[in-house]
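Paired with chain B in one complex and with chain C in the other, chain A is shared by the two complexes that follow.
Take a look at the complex of A and B:
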C-alpha cells in the first residue's frame, strides 16, 4: 500500500511527516539528477570546442600558400608543403566514390523493396557488420586482396579500401530515402506501363536524390578522414604530383589511359596519413605542418558534414511546408 | 524529309542484335533485378571474403603457435627477429581500454541523451545535437594529435599520478593503478580517456534518437501518476528504450575496440607486461598499424593478420549479439504504433 493511499485513509501524523520527508527527498533527487545530466552535457561538449579551437589556433599559425602548392622538402630545408597529400586525398576520395556509389545505390534499392526476403535480411545484416568492421581490418583485407596480388602499393588499393568503408553509409542512407518516396509515385509509373528498371531510374531514384547525395557526402567525409586503411594500401609517396605525371606523360607521348594508369597505379599520400607520420617525428617544423594538415582536414570534414545536414534540414522543411 | 524516309517495303530487316536490345530495354526487368541482386550480394561477398582472406593469410601463424598464441600469460614475448609471437598483451590492452572507456562513457552518454531529448529547450536541441554529430565526425588522427600535445600533458599525466598515489597501494585494485605514469602521459589510461571522448557522441546520439522515439503517452501517464521527471526517466523511459540503448552501447564498444589511429598515438606502444592502466601498453589495432607495413618475415605478418582476424571475429560476434539483444528486448517491451 503506497503512502498516498494511507494518507487518504486517515494516516497518523507520524506517517504524514514521514511521507512529507519522502516527498522532499524525491524532489531533491529529481533536481540533483536533472542538473547532473546538464553537467554531463557540458562535460561532453568541452572536447569539441577544445579540439577545434586548438587546431584553428595552432594550424592557423603555420598554414600558408606553399603548404598547398609545394611538395615536401627534405628534412632541415625550410618551407615545402603537402601538395602530394592534398592531390592524393582528392584522387583517393574520387576513386572511392566511383567504386562505392553505384553498387551502394543498387544494393539499397534491392534492400528497400525486398526487406523481408532472405537475401534482403542477410544484406541488411551484412551492411551492419560491414559498418562495424574496424577500418584497419579493411586495410589488411585489401592488402591481402589487391596489394599482394598486384605486387605493389597503389592509389587503387587505397581507394578500394575507402570504398568498402563508404559502402555501408551509402546503402543505409539510400535505403531510408527510397523508403520515404511515396509508393503512389512508383505505382503511377508502373501503371502507365513503365518497366521496373525505368521506374527506378527515372522516378524512384530521382525522387530520393537529395537524400542519396547527403549519404554520399557523409561517406566522403568519412573516407577523407580515414588513415588506418591506407597504412598498407596507399602507403604514402612524397613525390606524387599529378601535374608532373601528366607533363612527363605528354612529353613521352603516352596515351591518356597510360597516364591515368600511372596516376592511380602508384602509391599516394593523403592528408590524414601525412598528419600521422609528421606527428610522430621529433622535428618541430614537421609537427607544425601536422597541425596545419589537421586544420585543413577538420575544415573539409566539418564543412561537408554541416552542408549535408543543412541541406537535409531545408529539404525536410520544404517537404513539410507543402 | 519525305524522300529520305524509306518505304516499308525497302526497309532493311532489323539486325538481330538491335531487336534483342530493344527487347531487353522494353522488358529489362530481368537484367535490372540481376544487377540489384548482384550488388546486394557484393556486400555479403565482401564481408565473407574479409573473413576468408584473413583466415587463409594467418595460416602460417596458426599452425606455428596454435591456441597458445591467444592465451593469457604474464610474460608474453613478441620477438619478430626470433620469430616468437604471443598476442596476449595486445588483447589485454584492447579489452581493458575499451572496457574502461565504456564504463566512463555510458553514464555520460545517457545523461547527454536524456538532456537532449527530455530537458533541453526546443531551440537548443538541434544545434546541440549537431555539435555532437560533428564531434563524431572529427577524424581520429586529429584526436590523436590533440591527445599527444594537449590532452595528455594537461589532463592525463596529473590525473594518472594522482590515481597512482591514492589507489596504487590498495590491495587488489591497486594492480590496475600502479604507477609511475610516464611524463608524456602515454599509457593505457590515456587511450581509455581518448576513447571515452570518441565513443560518447556515438552512444549519446543513438540513445537520444531512442528517447525521442518513445511515445508521449508513456511520459504523460507516468507524470500524471505523480512521478517526478527523474522518476519518469529512470523508471519508465530507460526501461522502455533499453533495447535501443543497449544497441547504442554495443555500437560504441565496437568503435572502441577497432579504433586505431588515436589509440596508437597515445597508448605508448610498449609491451609492459603489467596490468596497470598507468603504464604504456599496446592494443591489437595499434600493433597492426605500427608493424604490418614493416613486417620482417612472413611469419611476422601472418601473426599480425591473425590478430586482425581475432579482432574481426570479436566485432562480428558483438554485432550478432547486438542484433539478438535488440530483437529479444524488443519483443518484451509492449510495442505501440506511433508516427
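Take a look at the complex of A and C:
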C-alpha cells in the first residue's frame, strides 16, 4: 500500500477500518450515546407530566359544574366558582389578540420583505428588546398610561398590556414563516398582474398560515398565562358576569356599544390572577379552588394548542392534496 | 398564417423612434422583419446599482414567433427576460436606460401601469410554482384579479385556458383538488394555463423545462408550437437543442468582458442561421460547444 493511504500511527486504512476491536468500540459508543440522549429526553418531559399529574391530583376533585357557572361566594360560604375569571380570561385574550394580531402580521410582512431598510432593522431590534422586557414592567407602563388617565382599572387596560407581550412573539414567528414561503409563489402572482397587497392576502399569507397560526397561539398561550401585567391593569373583579351585564343593559335599554363598553370598561379577573390571589389566602377552600383554577387554566391552554394544531394539519394536507 | 413582410424603410416611416442601421443583417439585434413587430427593444441597458448588467441591447421581436435566448450562465438572459414584464421592479436599486416597446408603446416609461404590463406580458418560471390552491383556483386567480367572477363566464375561461395548455383531459375530473398533487410536468402546464387565463399578448418563459423530465419537456415544446399561433413567445433556455427545435429566431447573449461583466446581445437572427451559419465567431464557438 502506498504511503498516501497510510493513516494514523502507521496503520493502513484497510487495517484501521477492518479492525474488529475498533468496530466493537464504535458500536459501544453509539449505544452509550443513544441511551444518554434517550435518558435526557425522558428527564426533559418529566416536569410536564409531573405538573399536569400533580395539578389533576390536587385540583381535579374540586372541579364541578358550579365551579364553571357560579361567581365566587363570600368567604365562609361553601361553593361558588370562578365564572368571573373564566369570562375575564376570554375577554382579555380576545381583546389582546384583536390588538396584537393585525399589527403584528403587518409589521412581520414589512420586516420580511424589507429586512435591510432602516425601519425594518428598527422593528426587528425593537421586537427583540420588547420580548425581553419583564411583564410586570409592561403592567406598570400601562398602569401609568391607561389606568391613570382613565381613572380606573379595566379589562381594556389589561388587554393592552397582554397585547404588548403578544406582539413580539407574533411578529417574529410570522416573519420567519413568511420568509419560508418560496419567493417563486409571490412572483407567480405578481407576474399575473396582482398588486402587492392582493398577493400578500391571497398567496403569501395563506401559504404561511400554518406557521402564523402557531405564532398567534404561542402568543395567546403566553398572554392567557400571564399574571404580573394584570395586577396593575385588570386588577380583579369578583362580580364580573357578562350575562348579568348584558341583562341589565337590555333592561335599561342601553345600546350595543354601551353594553360592550361596560364589558371591557370594568376591572376583570383572569384565571392566573384568581390562582395567584387564592393561593396566598389561609383558607383551605380557597387553596383548593386555586388548584382547580390551575387545572382549568392548563386544560384551556392545552385545548387551544391541540385544536389549532389539528386544524392547521388538516388545512395543510388539504392544500397539498393529500 | 399570412406573413406581413415589411421593409425596414417602411417601418422607419411608421415609427420614427426606431433607427435601423443600413446593413441590418450584420448588426446584432436586427433581423429582417417578418411579421409585425410585437416588441421593439432599443438601446436597452440595465443596472443593479452601479453594476451594468445589460448593455445597449437592440432587438425586434416579431409577433407570433418563438424567440429563444441562449448564452452562458450569468450573462443576463433572465434579467433581460424579466425586464420585458418589469418583474425586475421587485429588486431594489435598479434602473434602466433605453426603451422596451410593446405594440409601439414604451413599457419602461413614467406612469406606465405595471399591473397592466404584467397582464399583457405573462410569465412562466423555471420551476413550476402553482399556488397551494385547487387546480381551478390556480387558473381562476388571474381573471379574478380583474373582477371576473362565475357570472362573467369564469368557468369558460378556466376551461379554455386548460384546453389551450393541453391539460384539460388530465385534470377535468379533479378541478377542485389541490394543484400540488399534480406531477411536475402537469404543474408547469398548469402554470402556463394560469398565464393564458388573463389573455396575454406575449408569454415569457424562463427555462420552463429545466426541472422536467424528457416526456414532460416534449409536451411543453409541442404546446409552444400551438401557442405561437395566438401568442408571441420568448424563451430563455440553457438547452441549445431545445432552442434549435422550438424557436424561429435565436438571440445569443454573452458578457462583453470579464471585468465589467455586462451582458450584451452578440447575435440575433433566424434560428437556422444562428445554428448553421452564425456570423459571429463567439456565437459559432458557443453553438458548437467549444465553450459555455
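Methods note: the second predicted complex is superposed on the first by the 252 of 322 C-alpha atoms of A that agree within 3 Å, B and C clash if a C-alpha of one lies under 4 Å from a C-alpha of the other, contacts with A are read in each partner's own complex, and residues count from 1 in each chain.
We take it that a contact is a pair of C-beta atoms (placed from the backbone, for glycine too) under 8 Å apart; a residue touches a chain by one contact, two chains touch by 3 or more.
None of the values given here were measured: they were computed from a predicted structure.
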### Query
So, A:92: does it touch chain B (first), chain C (second), both, or neither?
neither
#### Entry: Between chain B and chain C, more extensive residue contact with chain A
B
### Query
Of the partners chain B and chain C, which touch A:191 in the superposed model: first, second, both, neither?
second
### Query
Is A:182 in contact with chain B, with chain C, with both, or with neither (first, second, both, neither)?
second
### Query
What is the contact status of A:205 with respect to chain B (first) and chain C (second): first, second, both, or neither?
neither
### Query
First (chain B), second (chain C), both or neither: which does A:145 touch?
first
## Note on the structure
Overlap of the chain B and chain C interfaces on chain A comprises residues 195, 198
### Task
Going by the contact rule at the top, pick out the chain B residues touching chain A in the complex.
26-29, 31-33, 35-37, 39-44, 46-47, 49-50, 53-54, 56-57, 107-109, 111-112, 114-116, 119-120, 128, 130-135, 137-146, 148-150, 197, 200-201, 204, 226, 228-231, 233-234, 251, 254, 257-261, 265, 285, 288-289, 292-293, 304-305, 308, 311-312, 315-316, 318-319, 323
### Query
Tell me, which parts of chain C touch chain A in their complex?
85, 87, 90, 115-119, 122-123, 125, 127, 129-133, 141-142, 145-146, 177-181, 191, 194-195, 198
### Query
Which of the residues in chain A end up touching chain B in this complex?
4, 26-27, 29-30, 33-34, 36-41, 43-45, 47-48, 50-52, 54-55, 102-104, 106-107, 109-111, 119-120, 122-123, 125-130, 132-138, 140-141, 143-145, 164, 167-168, 171, 195-198, 200, 221-222, 225-228, 231-232, 235, 272, 275-276, 279-280, 287, 290-291, 294, 297-298, 301-302, 305-306, 309
#### Entry: chain A to chain C touching residues, read off their complex
182, 184-185, 187-195, 198, 202-203, 206-207, 318-322
